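The next part holds the structures, each set out as structure tokens.
Heads up, the next two complexes both have chain A, just with different partners, chain B and then chain C.
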Partner chain A sequence: MFSYCTDPSTLDGLAWLSCYLTTGKQFLFYTSFGTVLVLLFITAPVALAFGFGGAIAARSRIAPLRWIGKTYIAMVRGVPDIVYFMFFVIALDQGLEWLRHKWKCPDWDAPIRQGSDFLVCAEAKLPLSSSPQIWHEIYNFSLAVFTFGIVFGAFSANVLYGAMRAVPHAQIETAEAYGMSPRQSFWRVLVPQMWMYALPGLSNLWMILIKATPLLFLLGVEDIVYWARELGGTANPRFTAYPHGDWRLWYFLALLVFYLLFTRLSEVVLARITRRLSHGQAVLGGAQRETAA
Partner chain B sequence: MTCWETIGAYAFRSLGYGERLLPRSDFTLCQQFTLIGSGMIWNVYYGVLALAFGFVFAISLALAKNARPAVLRKPAEWFVFVFRGSPLFIQFFLAYFLFQALKQVSPVFDPLTSAALGALIVLFLNTAAYSGEIFLGALRSVPAGDIDAADAYGMTGWTRFRRVLFPTMLRLGWPAYTNEAIFLFHATTLVFFSGFPAWQQKGDALYYARYFADKTFNPFIPYPIVAFYFVLLTLAVIGLFGWINARLNRHLPQEQRRRIRVRPQLIR
Partner chain C sequence: MKKLTIPAAALATALAGAAMAQDVVRLGTEGAYPPWNFINDAGEVDGFERELGDELCKRAELTCTWVTNDWDSIIPNLVSGNYDAIMAGMSVTDERDAVIDFTQAYTPADPSKYISLSEDMDVETAVVAAQTNTIQAAFVADQGWTLVEFPTPEETIQAVRDGEADVVLADGSYLDAAAAENDDLYLLERIEKIGGGVAVGLRESDGDLRAALDAAIQSMKDDGTLNAMIEKWEVATLW
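This part shows the complex of A and B:
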């Protein structure tokens, strides 16, 4: 990057470090922090949407829908979330390919599962084997986002379901007394009021979501953990102009500091939002948070 | 191979006893159930030991954070901040590389790089930080009247803590602590995915489940089996902690007792 970087073996100290930290590979590491942030900012609304759907389903008057909603909420209680992560990434991929297979190759009669193989016709592969590398990466990333959305949707469904029940019942009764239909009283009275009750739980969820992002590594996305392992490993002088020993300890220390700063910042911002929203509300934001924790 | 033979061969495979080679083809349901169940031994091992040691440390942390002298308070605050503010996954990686660096210094640190000890230390510190915060919250919500009553009886220092503060703190914090215990058991599945190697394929439940999912390319059998085992484990934890909760609250009238509600809010 800098003009003096042409021959790194002659450099030492800070000059060497400044060259080392600005190589192309290092920039891949820096952009992977962007990947994590992108994941967070896409996943949060997706999970919230899933959660909203789940909470509505759990309150439904139609019994099968209610069972689905309640099962979805209960699903994260007994089983580690990481099991879902590992399961959904493969299951979603195979499900999509199977659907495309049914649609694109209707006259294929061989079974899909043959021994230890999952075989679909070439046209049904996702993404197509002829498509460029970037599509494979985008596909992997979207699978990861969707998986995060499902799992964190279940957490947020739990929070939103609780929040909907926390809105005083008299409010709904008043709405009904004014002649609102159930739909109207839900959208005009319940939903606007529930956010205040949901906020402590959702803030907590955001922190959990931040701390779950390193699991992207397990889903096959080239994220910060992947690059920290890759770049931190011993660099042999035969393959690189910047040889060094095993620096993974320092790379992971950097990640630790990144996460500490990020969670701390979120904490401060969320505390401010809570205070702002509870302004003039009959609910004590602080007291509410205490009981939810 | 009948199912009984499979159980005989693989029931303690995760500890290194029985058949050396894992099944490689023609996987049966029995094999998957046995091996994944065998892996659960490690999950229970990590969970139980980390909770047992973590409990003592957590209470010391809560007391230190509540103490007035900054010498006690500050380190406890930083400890809790670091372990609660960063992902457990990163902590595992960092600890593993740290232990490897220590290994270069002296062979005394050799056992630390093994999953059995190294990962246990990380889980112990992590759960201590989380439960320390729970007990701190409980300690601060001990009713002022209880403390006044203790003062009125002339209790001070250790006696007051042992007879009044500690039982009430435990009682108030117990529902949240149950939650923490459940999610600690869940967190133990991360161990073998985060740097710590599984020597001779001795891994935990999720390690074997992933082995089967990779080999058969069929996630629909091994992962539900793990889920099944964990639901059982969670129910056992809730049962045990519920029993302790009932004992802690046995002096209270029925309607004042605090019920345990599972709240999935404490994942790391």
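This part shows the complex of A and C:
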């Protein structure tokens, strides 16, 4: 990076550190923070959408839909995340490739399953094995977002399901007495009020999601914990121009600071959202805040 | 005419590109096992297997790219087609051979060694640390000794330092490098001859790729370049 970095063994102190912290490997560490943040900000709405869908399905009047919703919530919540990340993602990837294979290579006659191997024609590969590495990363990343979305969607579905039930029934009855259709009373009365009840549970989920990102490396996406371990590990002078001992403690301290700051920031934002959502609401939390104000 | 030839030429190169594109072979590695494979200062895969793999691809006239993957899921991701070959210091074992295929070995079986904080340690009564899913972990479990497993090799050594385990059992080349670097760690005299040499792992259905890489490895064995590379990286004994 800097011109004086050509022979790091002659440097010491801050000069050495400035060279060390600007190697290509370190930059991969810095970009992984971006990866994690992008993942979180995409996953959160996706999970919320899954959760909303799941909650609506679970309280549907149509029995099959209700069964689907309840099964989704119960099943995903019961399976450990790591199992999900090891097997569901591979199954999803193979399912997509299988569909493309059927579509793109109808003439293929060799079996797709040969022992433990999964074989589709080269044109059906997702992404194509010839495409640049960045596409492979984006693809893996999208699979990760989708999987996180499903897993955390099930948890948030449960939270939203509970929140929808917590809204006083008298509210719905009043809405219906005013002549609102079930759809209107759902969107205009129930949904705006349920957020107050859902928020504490959702904010918990958000905090857990923040810390769940190390699962990413199972999918080949390199996250901050992977790089902290990789960079902090003893660097042998045979293999690097910047040898050092076991510095994992320092790297993990940096992660600790990052996580704490991020958690604090989330708390501030969530507190603001709570205050905003409770405006003018007759629910318990809202009423208390109104009188306090 | 001139106007015609340009698109035709462009089409020809595009077609050639499409044909060539299928020859891209994705090589999966762990990137955390020096001197076999590791991530260098520039953030790229480096080490014995990087150099060997690039040379093999050159000889087999393949275009290769490198990907890193967690050791735990390295075989599942191979069989489901996320990459085409594993070069990650993976020893040939019967269990692995049942799921995937191997080329001929590119390094002879590397005797496994022990490293510890004290020179006289009875490994049979000690707590032995090994990396998960390795031949060493399977060996310790088979002997009925006390085993603790860790996801990365680095953590096995840290466990000995922390007193969580008494000795580490791992590939000799890895521990040689670690012992040379750390004055407080000693290699025990006892060695274990386990594993059957390190080879490229492939899907069982990938016969063509296996044949191509086998031939390339053979040609490197024949002209001595493989031995030179093994000597340079100090990964194993010579052929």
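We adopt the following convention: the second predicted complex is superposed on the first by the 256 of 293 C-alpha atoms of A that agree within 3 Å, B and C clash if a C-alpha of one lies under 4 Å from a C-alpha of the other, contacts with A are read in each partner's own complex, and residues count from 1 in each chain.
The rule is short, and it goes like this: contacts are C-beta pairs under 8 Å (C-beta built on N, C-alpha and C of every residue); 3 or more make two chains touch, one makes a residue touch a chain.
Source: prediction; values computed, not measured.
Once chain A is used to superpose the two complexes, chain B occupies space that clashes with chain C.
By the document's definition of touching, of the two partners only chain C reaches A:Q133; chain B does not.
By the document's definition of touching, both partners, chain B and chain C, reach A:F118. Within the superposed three-chain model, A:V225 lies in touch with chain B and out of touch with chain C [touch as defined at top]. Of the two partner chains placed around the shared chain by superposition, chain B and chain C are both touched by A:M86. In the superposed model, A:T234 makes contact with chain C only, not with chain B.
By the touch criterion stated above, A:L260 is placed in contact with chain B alone, chain C being left untouched. Of the two partner chains, chain B is the only one that A:F155 touches; chain C does not reach it.
Residue contacts after overlaying the shared chain place A:L249 against chain B, while chain C stays out of touching range. Once both structures are laid onto chain A, the chain B stretch out of 94-102, 130-138 or 166-174 that overlaps chain C is 94-102. Taken together, the two structures place residues 86, 90, 94, 115-118, 217-218, 229, 246, 248 of chain A in contact with chain B in one case and with chain C in the other.
By the touch rule above, chain B contacts chain A in their complex via residues 25, 81-82, 85-91, 93-94, 97-98, 100-101, 137, 176, 182, 185-187, 189-190, 193, 206, 209-210, 213, 215-220, 223, 226-227, 230-231, 234-235, 262-265, 267-268. Those residues of chain A lying in contact with chain C across their complex are 23-25, 27-28, 86, 90, 93-94, 97, 114-120, 122, 125, 128-130, 133, 136, 217-218, 220, 222, 229-230, 233-234, 236-242, 246, 248. Interface residues of chain A facing chain B in the complex, by the touch rule stated above, are 76-83, 86-87, 90-91, 94, 113, 115-118, 154-155, 158, 201, 204-205, 208, 210-215, 217-218, 225, 228-229, 232, 246, 248-249, 252-253, 255-256, 259-260, 263-264, 290, 292-293. For chain C in complex with chain A, the residues that touch the partner chain are 20-22, 24-26, 31-32, 34-35, 38-44, 46-47, 65, 67-70, 72-73, 76-77, 79-82, 84, 99-100, 152, 154, 157-158, 177-178, 181-182, 203-205.
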